[in-house]
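By letter and in written order, the chains are A, B, C, D and E; residue numbering begins at 1 in each of them.
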Amino acid sequence: MTTVGEIRAANPRMTCRQVNVYYGDKHAIKNVSIDIGRNEVLAMIGPSGCGKSTFLRCLNRMNDTIEGCRVTGTITLDGQDIYDPDLDVVLLRAQVGMVFQKPNPFPKSIYDNIAYGPKIHGLARTRSELDQIVETSLQKAGLWDEVKDRLKHPGTGLSGGQQQRLCIARAIAVSPEVILMDEPCSALDPIATARIEDLIHELREQYTIVIVTHSMQQAARVSQRTAFFHMGDLIEVGPTDRIFTRPRHSLTEDYITGRFG
Amino acid sequence: ATARDYISIVGSSTVYPFSTTVAEHFGKTTPFKTPKVESTGSGGGFKLFCAGVGVQHPDITNASRAIKPSEKQTCAQNGVREIVQVKIGYDGIVLAQSKKVPAMHLSRRDIFLALAKEVPDPSGAEKTVPNPYKTWKDVNPQLPDVKIEVLGPPPTSGTRDAFLELAMQGGAKSFKWLKELKKKDKKLFKKIAHTLREDGAYIDAGENDNLIVQKLEANPNALGIFGFSYLDQNADKIQGAFVDGVEPTFENISAQKYPLSRPLFFYVKKAHVGTIPGIQEYIAEFTSEKAWGPEGYLADKGLIPLPDEERSKMREVARKLEVMPME
Amino acid sequence: MTIGVLWIPLVLLAATSYLLGRKRAVQAASTGVRLHSRPTYYGTYVALWCLLPAVGVAALWIALEPWVLTHLIVRDLPDSYRHLPPDRLGLVLNDVKNLATGAMVSGEPDAALRAAADHYRSLRSLGASAMVVACFSLALLGLFWSIRRVRADFRARNQVERVIRGFLILSATLAVFTTVGIVLSVLFEALRFFRAVPPWEFFFGLQWSPQMAIRADQVGSSGAFGMIPVFTGTMLISAIAMGLAVPVGLFSAIYLSEYASRAVRAVVKPLLEILAGVPTVVYGFFAALTVGPTIRHMGEWLGLEVASESALAAGLVMGIMIIPFISSLSDDVINAVPQDLRDGSLALGATRSETIRQVVLPAALPGIMGGVLLGVSRAIGETMIVVMAAGLSANLTMNPLQAVTTVTVQIVTLLVGDQEFDSPKTLAAFALGLVLFLVTLVLNVISLAVVRRYREQYE
Amino acid sequence: MESHSGIAAVVKKTLNRRYRAERRFRRIGLAAVAVGLLFLAVLFTAIVSKGYTAFQQTHVLLDVYVDPDVVHVGNLDSADYQGLIKASLRELFPDVKGHRDKRNLYKLVSSGAGSILRQKVLEDTSLIGRRIQIWVPADDDVDMVIKGHVDRSLPESQRRLNNKSLAWVDALKEQGRLEKRWNLTFFTAGDSREPELAGIWGATVGSFYTLLITLSLSFPLGTAAAVYLEEFAPRNRWTDLLEVNINNLAAVPSIVFGLLGLAVFLNFFGLPRSSPLVGGLVLTLMTLPTIIIAGRAALQSVPPSIRDAALAVGASKMQAVFHHVLPLALPGMLTGTIIGMARALGETAPLLMVGMVAFIVDIPRGFTDAATALPVQIFLWADSPERAFVEKTSAAIMVLLGFLILMNGAAVFLRNRYERRW
Amino acid sequence: MTTVGEIRAANPRMTCRQVNVYYGDKHAIKNVSIDIGRNEVLAMIGPSGCGKSTFLRCLNRMNDTIEGCRVTGTITLDGQDIYDPDLDVVLLRAQVGMVFQKPNPFPKSIYDNIAYGPKIHGLARTRSELDQIVETSLQKAGLWDEVKDRLKHPGTGLSGGQQQRLCIARAIAVSPEVILMDEPCSALDPIATARIEDLIHELREQYTIVIVTHSMQQAARVSQRTAFFHMGDLIEVGPTDRIFTRPRHSLTEDYITGRFG
């Protein structure tokens, strides 16, 4: 089916064309085309199981790790096909960071959780540079004050919300260009959520952000553009304020007004 | 304990092949069950045998050496007072080497000099020095110029005991002053004669003689010490060194010409005769001419028979179940 | 045998009582009261009460029967037999039993024995019937007693679970009994050894040469019982073995679980596991006949002095044996690391090897340590390989090209040899066994503490 | 990549190095697997090349006249059948004279030939008085010559068969009376002192009974212990002690378990020596720690959220464990049990201590009959002087490995079906 | 500290008095007293790590499973002390059901996931009764239509949101008297959330519900009373509309107005 609205962005950082994703026989994403603009926040909404997470994982090829998952179509980052066999997936993932739905801190200290990315990529020359990166990232994720006295404690000892913020801080620490967030706030309380939302606003200056969310309010607050998925189809995409005020597709409207299902 | 209607035999691994052969024949040709034969080593055999009288204890133990006084004592303490000792034949102790090299001609003196830890001072003084010999040529200029390397049984083995008494002690006695020492200070003499080198020339090689055979094949310079039956079975690969000019052959050993041979025995618990079915019949089978005679099936397995006279004497002992003295 | 057929009605009875208990529970519930537990639990409860006491009695009878019967028969034997010493009497009884079961007997039994055999036969059947009666009475008693307790508010599940829990605890405690058994069966002989050889000489002596004079007229060689060289040998060979097995095993596990395709993994993993099952006797041959000479030749070629029974040969082959232990157990723990963590690392732009080395392995470390530990234990305790390949000379050396001996080799040769059992030579085996036991105990306590510290860090 | 700004530029600098590390790591892994497989291949080649000949046995075709003077209805059981065999050999080589030569001639066929003839006659008494053709096994020395394990060009004194015997063998061969046939005896017979009559069935049955005891005790006990320690035991001194204990037992040399079995099962409880019952009990104690440790690891890998889920719907702890945790952990426990069983199947040392290293001809018929086990049989044969036992040893190893592979195969199949990643 | 507002309920089903919870040395819940009224929905809100989950787990003794967790004070259900050593904890948990933050379906079929509870409690005499329970529960959780054709498929194969609804259905299936929900909607999209919220409304007729949520809107929509936790203290409790309109404690007000932290 064809997508309603403008799939193109003025200054695209990533472009997706005719993307299909299969899990074995299951056709999870159907012919989706969309651009992701520079310095914009793109929100992806849709009912549970519609394929938001799946599509997100295509964008930094994290679905490579799922056995039986197959992707067709083209996705480019800055004009470069990311499914090109020559492309370096490590580089891609350093450029396109990701925060997951379930918090997944490493079984290491809080410090090491954050320092891990910078270390492997050689982003810090000295110990104090690394300390600096760790501190900044934790501050941006709004976790610094809570954990600054126990940086050597294991990250897995934090509460759910704290863990998720730790994961966000970890993703930021590598200073990626695009950040993919899969329901990053689903385990967070409103205060932490608000801080993350602020952070997203801040990050937008430099970065491109794609966020999957189950909260339309959140989508409305943080994003410039919104894409609505339904059963693997990209139904509608457009400027966030327009989507939430004047949806064009009836499915979108039903969903937004809560009549859905 | 449950009832037992078969004979239980334990003891020496050297006698094991002979004992089992007899047991198999016995099981096939009589209505009795085939005896159970365990290979526990002579010492382990005596330990089990002397533990007491009763169904849970073995009836017969095999040994590659005579029972020792302390073992008799244990037996007696545990109520095993009537023991019949049957000598069944001889086992030659051979020094074998690979076929790839010419056979060595050794004297017991050579053996002693090559393997003792302390040897008489080469200068002729009547004292011992740490063994200085590296090659056989050092020991005796007529011997080849190869490193001394002998794979032999470990200190726990009966074969080793016999080797020490027969070969080493014999070699030591070829020195006059040592022979005299034996009379004066038996202990010191034995210390000299019975102490093997520990610098790598003598290698403790475990109890698996087949393994030694194969190691000899791989290493033509080495000599191995083991029982005659292994030489007999592997005559195409290994050869026995001449000792004091005598080759270890079936004929030479049974004619008592070969100096290194030891007697083999089995011991019967007389108290069990008459209650465990078949013991007497088993002894009769073992001591029958078709088993242990020169033409018997045991000779085929490598047992060197007793001289005729001794054999018939032993058969009488076995038939009458003559108890050996317990001191 | 009566015991054999006894089970069938007993099991049937238990099944019936299960059904009865269930039915009664259902009835109790039909009045509208809520049952505390599921009806099956009431059934199981009743069945357990029916079965366990009866089985207990049967087991008791099986254990005591020979003793009781013997006692009864002996009482009725003529005096000439009765006053025999106990071991002789045992032989007579053996005859009686052989007679009674119609097995072959030796010689012509006399009338008294025949009578005793008949007596024995009748006693046996009497005993068996008595036991059957007792069993079933108890079973029925248990059944009636327990079924009366079945009421709606009766906590049947808790009762049944208590029995299961009891069984679980018993199983876990078995390990302690085993240890006590081992210690006891080794300790006394070891103490006898220490009476002959002073402990300090044993523990700190640098010479091992168990050729002590064992007869009055025999003179041993050095006759030294210093265990240091023996233990050094064990450690040297174990170290070589682990030096091969840990890297090979761990890296195979990593390769198989993180890189290999499903098909490769499905084929290779079981193949490697076969290595674990090859009897150690076979490895012994392999070490002694193939690896040993090869290493020796290579050594000669390099101009090195290599003993034909070098520690290296035994250690390498032992390492081969341990590879699958390490790889199989590491593989399991690596697989247990959640995929989440891998995703987290990969999404940061880590390469696969970085993910493995820095995220997966640290998370799996306690488990891997456990596997390595098991491997070390096997190496230290392995017997047959070293018996065949390591030799018996107790050299105090760290040179892997020389021959060394190990604790297990000494235990085997000392025990399977043909010396008397009471000589310090053989008793030394028990002392070695005891020390080996204690050493592994200390090793284990230390490494458990390490594992636990890691585990705390990652949980 | 077009844009070299920001992170990409920095990362790119290190990328080559990192990929080299990646490739190195991967290659190391591959090499490790290859090393393991190589060892396996070398081992198997060594064993198979030595042992495969044992599956054939040289047989001799004899024309036997079942002389009614020797065999009649009255002495069917105890007649001198070997005598008939000897007679037929004399007929084949009528010129052999002299006591010594005759003896050598008789030695061409196995001493078990008589009992084969006896079996035949017992089955069909009408053979008495007839002349029958019968294949009987040749003596092991002949077998070795036919199989080429003995160099015929050696001087006579260095062979077990002298020149005359060899000539007879050649003559028999020429007449088509000598043939290598499938060695069924090897699979159906118990132990024997004569290599050509020896088989592994007795030891196999012994191993079977032993392992049956081991498996049926150690699997439930091990699982129960693992479940208790992992799921129910409180953390205290006592359970710490248990844990240390179990880990320690896993490290205790198997021979020490043999000593334990000797002291406890044989001397204290008075169980029958050399029986699969005692062997099985010893091996149970030996394998238990392995099974418990593996079982605990498997239980640990089941995520706690599963337990929470079950408890929260009102399952008791016991139900949560037995309905949810245990089934999920079972594949892992199975792995541990396989490893334990494999070890038990190949174990020799402890069995030596409880008297299973015995010469036993009769096939055991129960748990308390005297028996040996396969590895012990291998150990015994390996130490036998007779040359023909060398190939028998390797062949027995092959059979043992065959069982092992079968066991592993079945378990791997089960495990693959249930393996999962959390 | 003393709690602001009325901790008592008119007709309490559960009462908690002076409850303290320790994780080893960590004092996670401090002296909390509160009633949970019959047929009411009590919402628990508060910043991440404040102890909401911990307190919730006290109510059906799920914290028994956490090693080192110690509870003091009294909690009663219908007048019966649930920490009484004589009390059957299994019975308690059948009466007080629970839905967790992270969906945790059994690795069994969808059908078996739901049927497990009824089976062990003997709630269904026949197969068709069981089928009925499974169907009703799934329907109530709004999952029936999506999974009715694949009841035999594994529950773990569902998407996050579907899995959580499966867990809710599983809890409902044993018809407990009290249902504890720990951020049950954190993995759900708005439609599924709305359905769950409807369900909560429905269930309130028969059941008592305690829900932990990070969404003040959700608390406002579904609950009659709201309790605000902060760092292990129960700061304020009262009727939901009052709490959200006229909070009495300054911390509560700060939290609600988003000024917090």
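Note that in this section contacts are C-beta pairs under 8 Å (C-beta built on N, C-alpha and C of every residue); 3 or more make two chains touch, one makes a residue touch a chain.
Since we're looking at a predicted model, the values are computed, not measured.
Tell me, which chains sit next to both chain A and chain C?
In this structure, the chains that contact chain C and also chain A are D, E.
Centre-to-centre on C-alpha atoms, which chain is most distant from chain A?
B
Which chain has its C-alpha centre closest to the mean of all protein C-alpha atoms shown?
Central chain: C.
Which interface, named by its two chains, has the most contact pairs?
Of all chain pairs, the one joined by the most C-beta contacts is C-D.
With centres defined as the mean C-alpha position, give me the chain B-chain E separation in Å.
Inter-chain centre distance comes to 83 Å.
Counting in whole Å, what is the centre-to-centre distance of chain A and chain E, each centre being its mean C-alpha position?
30
Please tell me the distance, in whole Å, between the geometric centres of chain B and chain C computed from their C-alpha atoms.
36
Report the inter-chain centroid distance for chain D and chain E in whole angstrom, where each centroid is the mean of the CA atoms.
Roughly 59 Å, centre to centre.
Chain E: which residues touch two or more other chains?
90-91, 102, 120-121
On chain C, where are the residues touching two or more other chains?
157, 285, 338-339, 349, 351, 354, 415-416
Which parts of chain B, given as residue numbers and ranges, touch two or more other chains?
Only 1-2, 33, 40, 56, 207-208, 211 qualify.
Spell out all pairs of chains that touch, sorted by label.
All chain pairs meeting the touch criterion are A-C, A-D, A-E, B-C, B-D, C-D, C-E, D-E.
In the complex of these two chains, what residues of chain D are touching chain C?
Interface residues on chain D, with respect to chain C: 11, 18-19, 21-22, 25-26, 28-33, 35-37, 39-40, 42-43, 46-47, 220-222, 224-225, 227-229, 232-233, 241-257, 259-260, 262-264, 285, 288-290, 292-294, 297-298, 300-301, 303, 316, 318, 332, 335, 338-339, 342-343, 345-349, 352-353, 375, 378-379, 382, 397, 400-401, 404-405, 407-409, 412, 416, 419, 421-422.
Give every residue of chain D touching chain A within the complex, in rising order.
Going through chain D, the ones touching chain A are 1-3, 5-8, 10-15, 18-19.
Quick one: in the complex, what on chain E touches chain A?
Chain E residues touching chain A: 45-49, 53, 101-102, 142, 146, 158-162, 165, 183, 186-195, 214-217, 255, 258, 260-261.
Would you pull the chain D residues touching chain E in the complex into a rising list?
Touch residues, chain D against chain E: 235, 303-316, 319, 323-324, 328, 420.
Any idea which chain A residues touch chain C in the complex?
Of all residues in chain A, those touching chain C are 60, 62, 65, 67, 90-95, 97-98, 100, 102, 104-108, 116-117, 120-121, 154, 156, 167, 170-171, 174, 176.
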